[in-house]
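What follows is one structure encoded as structure tokens, with my remarks underneath.
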Amino acid sequence: MDFFSTENLSISFGGVKALQSLGMNIEKGEIRGLIGPNGAGKTTVINLITRVYNPTGGAISFEGINLLKSKPHQISQAGICRTFQNLEIFKSMSVLDNVMVGRHIHLGGSMVDSILNLGRAKREEKRGIEKAHEILSSLNLDDYADSPASSLPFGKVRLLELGRALASEPKLLLLDEPGAGMNAEEIKALDTFIRKMRDQLGITILLVEHVLSLVMEISDQITVLDYGVKIAEGSAKEIQSNPKVVEAYLGSEE
Amino acid sequence: MKRWIMIGFLVGLVFSIPWMAIAAKVPGVTDKEIVIGNINPLTGGAASSGIGQLNGFQLAVEEINAAGGIHGRKIKVVPLDSECNPTKGVAAVRKLIGEGAFAVTGEYCSGVAIAINPIFEKEEVPMVYSGCVTSKIVYPMLKWVFHGQGSSNLRDLSWGTAKFFVEKLGAKKIAFVYQANELGENELENTREALKKMYNMEFAVALPYNMGDSDFTAQVTKAKDAGADLMHVGGLVREGLLIVRQARELGYKGKITGGTGLSTGGFFEAIGDFGIGMVLQDTAPKYEIFDIENPMVKYVKEQSIKRYGTGPGRPNHKNLTGYYSMKVVGEALRRAGKDLTRDKFRKALETMYNVDIGIGNPVTFSPWDHEAVHSLALYVIATGGVPLKLDFECTVSEENLPVPHFPKPEMYPKGITRSPLADIPKLK
Amino acid sequence: MDILQLILKSLSYGSIYALVGLGLVLIFRATDVLNFGQGQLFTMGAYFLVTFWYMCKIPYALAFLMSIVGTALLGFVMERVACRPLLKAPVMNSIIATFMTGIVIYNAIQLIWGAEVRHVSPIISNKPISAGKIIFTAQDIWIVAITGFFILLVYLFLQFTKLGVAFRATSMNKQASSLMGVSVKKVFSLSWVMSGILAAVAGVLLAPVLMIEVGMGWVAIKGFAAGIVGGFSIPGTIIGGFLLAAVENIFGVYVSVAFKEMVSFLMILAVLLIKPSGLLGIEVKKRV
Amino acid sequence: MSQKIMNKVFVTAVLVLLFALPFLIEKSYTMYILNLVGIYAIMTVGLNIVLGYTGQISIVNAGFMGIGAYITALSIVKLGIPIYVALPMAGILTAGIGIIIGFPALRLGSHYLAMATLACNQAIQLIMIHWKSVTMGAAGVSLSSVNIGPIALNSNHRLYFLVIPIALILIYLYANIIKSKLGRSLIAVRDSEIAAQSMGVSLAKYKTTAFAISGFYAGIGGGLFALVIGYVSPESFGLNESVLHLAVLVIGGTATLPGPILGSIFFVIAPELFHWMVEYKVLVFSLISLIFIIFMPGGIYGLVKSGVPGWTFKRILKKA
């Protein structure tokens, strides 16, 4: 049984085929890079996995369960979490609360409990906050914990998204261009952090990224999309030497 | 710092309230003045009638004060706005009582009247209504509540009109179009009861409509389908006008009559030839609204023009109801004597039997009945929307009234007593 | 037979709703603001007419023109007060702002003109004409005609004038059109002025039909419903208005008079839930 | 730390003040006004949860309030149910209706939701008017004084001791809701539906919950309203009332904890200060609210927070 797999997954918007019969298997503990020129349908893949879009055809299965059967908000229960290319943080909340929302599925207790702030809800809230602080300090965001998320500098916001996703303790993490708008050493930090997530937390990662250097460096396997079609798959070396890929990138003004 | 500003804000506002009034021993009575509250719709759709009443009321007060007040006390009027909204009305009455008004008067809107009624009974404050006509204010009779506007409430009006429908207009099938509010429903119930009791007759169809609607095709069509030969239109002026006109536009040929809400100057101007032959009820002192020759009507009209100017709804024939009700209150205050209490005032009102207060019908209250006048006036609209008084004398026969008017006539003086207030000098 | 009669009458009332609703639709399309003060704007139109024509004895045509100018001006002011300052504020602020402006106008009218019902004599006879079993009045036809005329006018304006094009562009996509050099602010004022004009036209022409009174603005809620049912498109509003009137009347006659107006609200709900874009409507911009 | 102490000081100060008031004030009308403040605080606090924090526009609050008021009044008058059962019942049933009315929120956003809820409000009012057999029609229901066991709630002073404690409890719960997981999820839904979803927050569940909560609060508020006014009729629960609730919220400060409370204080007490300008008072009040909405979107709380009086004028200058 595959850890995660899609079979001829397809979707089209108003006749435009954004993704055509994508088949992709990801092993547990793997870091998978997903690259391709603009409009290749990278983010679409993530939106399909997280059920933001309904595929026109195909199947997605994760640890044997059929994801197409579950609702968008059940994906994270299944153990898949994502970050967003154009940041979707909760601006009006504090940094800590953002992470706490990430904890959502792990905070038990009935609604009444949480309204009255009693019993299980209270305990788990407490534990949740500790956990959140751990995550923040691991991203060295802890000094910002209580400041509003909207006040964070750009690079930090990406980290916050990462932290929020981590808080849900995913088995599979979908990173949508986490490196965008980061400078060299921030990328470096990100690189090490992604590795850490995989090695220490054992999280499988699907990395959609423009910054090829990053992808090439950390991905075990790389899938290349062009105009919604998978044109290549393999290790960094194979990809770099794959003419199709080169052509694809030549074709577009990257 | 911020928090202290907030505390300041809270405390400030909360404590600013108590300074909005002054208390008195017998509420509202000092040896210099008597405070009378007047609640009326001064804003909103019914404003012109409300303001009209208030102005008439103030006119009578001015007159009385000019003549030296009552037992040396000047009358002070505290007007409050009910916005013709029950909630606001309750608030206003609570405020008046809280600020120590000796008695409360006014209120044109029936919907507000039934909302505020229980308060007077609970707080034991006398209330003399004028303008509102729902029969619920006096039946069942409440100890502290009186209706003194110079013509009767919807019970008598409906019984009288029902009689007129059948006996004078020979109606066989009556369509009753009414606004879905207290006024409309109260008239509906009373008319239904009257028709049942007097002629064992049912409405051909009863059709409610909602305030603010402007398409009454459905109502008219249903009335036509029911084969109505008489359509009675309740509610207020705008809707009334539209219904009458749309009825004619849709080729309704039968007779049309109108409820009390329609009898204002604006209606006659607007209705024009569509109104010809239309019969309307009237709530102002009997026979006097459009009786231009009547000296009192002339006088009230001139004075209110002099004081409040002319304009939309000014002068307003509701000036007369206001004026009338203050005269009633004044006479009762006079009868209550020098050391005035609310209870004495109430009892004084109940001693009034056939008292001529110088305008309209003589007033009669009794411990059994708090309706000042038990008759109504009807008039018909002639060409160009000119109303003509109908000579239809209708007092509801005793057995049809929930309470007998005068169980012990011998305990009352014979004939009509003229109130001294009727003869105090008129204002220049 | 009744049905036919009802539908015929509904044509004229439907076009009343459409005419009143049109102003709302224009504003909503251009500025994404629901103008809860539209009813009062429309009432002002009527009162201007009363003032100029009856009080100042100015000839009808001129008085008409003056009331249009007056109301358009008011619309312009309203945009500055209740719309422009709140572009960035949450939706409900603009809802409240327009509503409060409405209340202000309502009370101002009352203080200036009083609450008495005014009336202006109809320009077209409303004596019943009967063709077979069907009864109608010249006024019915007149109302339908003018409504058609003005809606055509608006349509032509939007289709064939530079401003109109700018307007349509803005209503589709603000950023894009502002990038393309369309002055969005200008379009905003324009839409409010236009709806002011429409309100005046409606007010003046419907004055004899609806009776002039502070409360006459209530009919705007029907125009509003017409707009929703029509999906805030200009032709849609006409159909919406007519549908509303017809359904209300037929329901009123054959089911229940009391709940007649209930139908219009149920219709709103149904349309919003089943086909939020309305019958032949623009796409719903759902905030995600 | 010092902030914490200040909080405690502030809260205790307010509580003491609230408890002392009925003993300091003997005027019944003043107590009536205070009761109204409490009631509006309850209703707008609920509204703040659905509208302020969840960002779902609801123009049906007066409808909820009315349902609560009717349930309370009718169950006391017609069925003779004791108040301490009737009131919670009003809250719970209204919450149920809130859930139903919340469903459009799952499909509709911003204006379209506003329209839908507005339609619901109108429909509710029509039902109140025309479902005579149950609601007693436009004539309304009047409540003569109600008893809790031996105590008769026949004065505003006594009602104060019913209204204000309930208000305080509900406000305390509201503060909890905002801080709890529930509140966080609601805000998350408002800030970014898509992100909230991907974090496992069910839009359906939390949107309907928000409406249910506002329904509950408005229901209780309405019930108390019925007791304090002593009379319930459809006129009181129209579109205007609903929009006024929004106004209260915006004037106080949307999506802020004390906002609705400050708003209610202003909304109830300000008109009292205008009473002397009889015919002009509505005009003046709506003008003032308009100024608030346009120049101080932060509301009173925003004003207090910024603390600088000059602030507003700067704003006005900027706008003009």
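Letters A, B, C and D mark the chains as written, and numbering starts fresh at 1 in each.
As a convention for this text, a residue touches a chain if its C-beta (ideal position, glycine included) is under 8 Å from a C-beta of that chain, and two chains touch if they have at least 3 such contacts.
Fair warning: this is a prediction, and the values are worked out from it, not measured in the lab.
Participant: Which chain is the middle one, judged by CA centres?
Facilitator: Taking the mean of all protein C-alpha atoms as reference, the closest chain is D.
Participant: How far is the middle of subunit B from the middle of subunit C, if each middle is the mean of its Cα atoms, in Å?
Facilitator: Computed value for the inter-centroid distance: 37 Å.
Participant: Which whole number of Å gives the spacing of the CA centres of subunit A and subunit C?
Facilitator: That gives a centre separation of 49 Å.
Participant: Taking the mean of the CA coordinates per chain, how far is subunit C from subunit D in Å?
Facilitator: From the centre of subunit C to the centre of subunit D is 32 Å.
Participant: Where the CA atoms of subunit A average out and where those of subunit B average out, how many Å apart are those spots?
Facilitator: Going by mean C-alpha positions, subunit A sits 73 Å from subunit B.
Participant: Any chance you could list the residues of subunit D touching two or more other chains?
Facilitator: Residue numbers touching two or more other chains: 126, 129-130, 194, 279, 282.
Participant: Which subunit A residues reach two or more other chains?
Facilitator: none
Participant: Give me the residue numbers in subunit B that touch at least two other chains, ranges are fine.
Facilitator: Residues 43, 47, 180, 208, 210.
Participant: For this entry, which pairs of chains touch?
Facilitator: The list of touching pairs comes to A-D, B-C, B-D, C-D.
Participant: If we count contacts the way the header does, which residues on subunit A are in touch with subunit D in the complex?
Facilitator: 50, 52, 71-77, 81-82, 84, 88-93, 97, 100-102, 104-105, 107, 109, 111, 114-117, 121, 125, 164, 168
Participant: Quick one: which bits of subunit B touch subunit C in the complex? Just the residue numbers, please.
Facilitator: For this pair, the touching residues of subunit B are 43-48, 180, 207-215, 217-219, 221-222, 225, 237-238, 241-242, 245, 248-251, 264-267, 269-270, 272, 311-314.
Participant: What residues on subunit C touch subunit D, complex-wise?
Facilitator: 28, 32, 34, 36, 81-82, 85-86, 89-93, 95-97, 99-101, 103-104, 107-108, 110-111, 221, 224-225, 228, 256, 258-259, 261-262, 265-266, 268-269, 272-273, 276, 284-288
Participant: Quick one: which bits of subunit C touch subunit B in the complex? Just the residue numbers, please.
Facilitator: 2, 5-6, 9-10, 13, 16, 107, 110, 113-119, 121, 126, 128, 130, 135, 137, 139, 209-211, 213-216, 218-219, 221, 245, 248-249, 251-253, 257-258, 260-261
Participant: What residues of subunit D sit close enough to touch subunit B in their complex?
Facilitator: Counting only subunit D, the residues touching subunit B are 6-7, 9-10, 13-14, 17, 21, 24-25, 27-30, 32-34, 36, 126, 129-130, 137-140, 142, 144-145, 154, 156, 229-231, 233, 235-236, 258, 262, 265-266, 269, 272-273, 275, 278-279, 281-282, 300, 304-305, 307.
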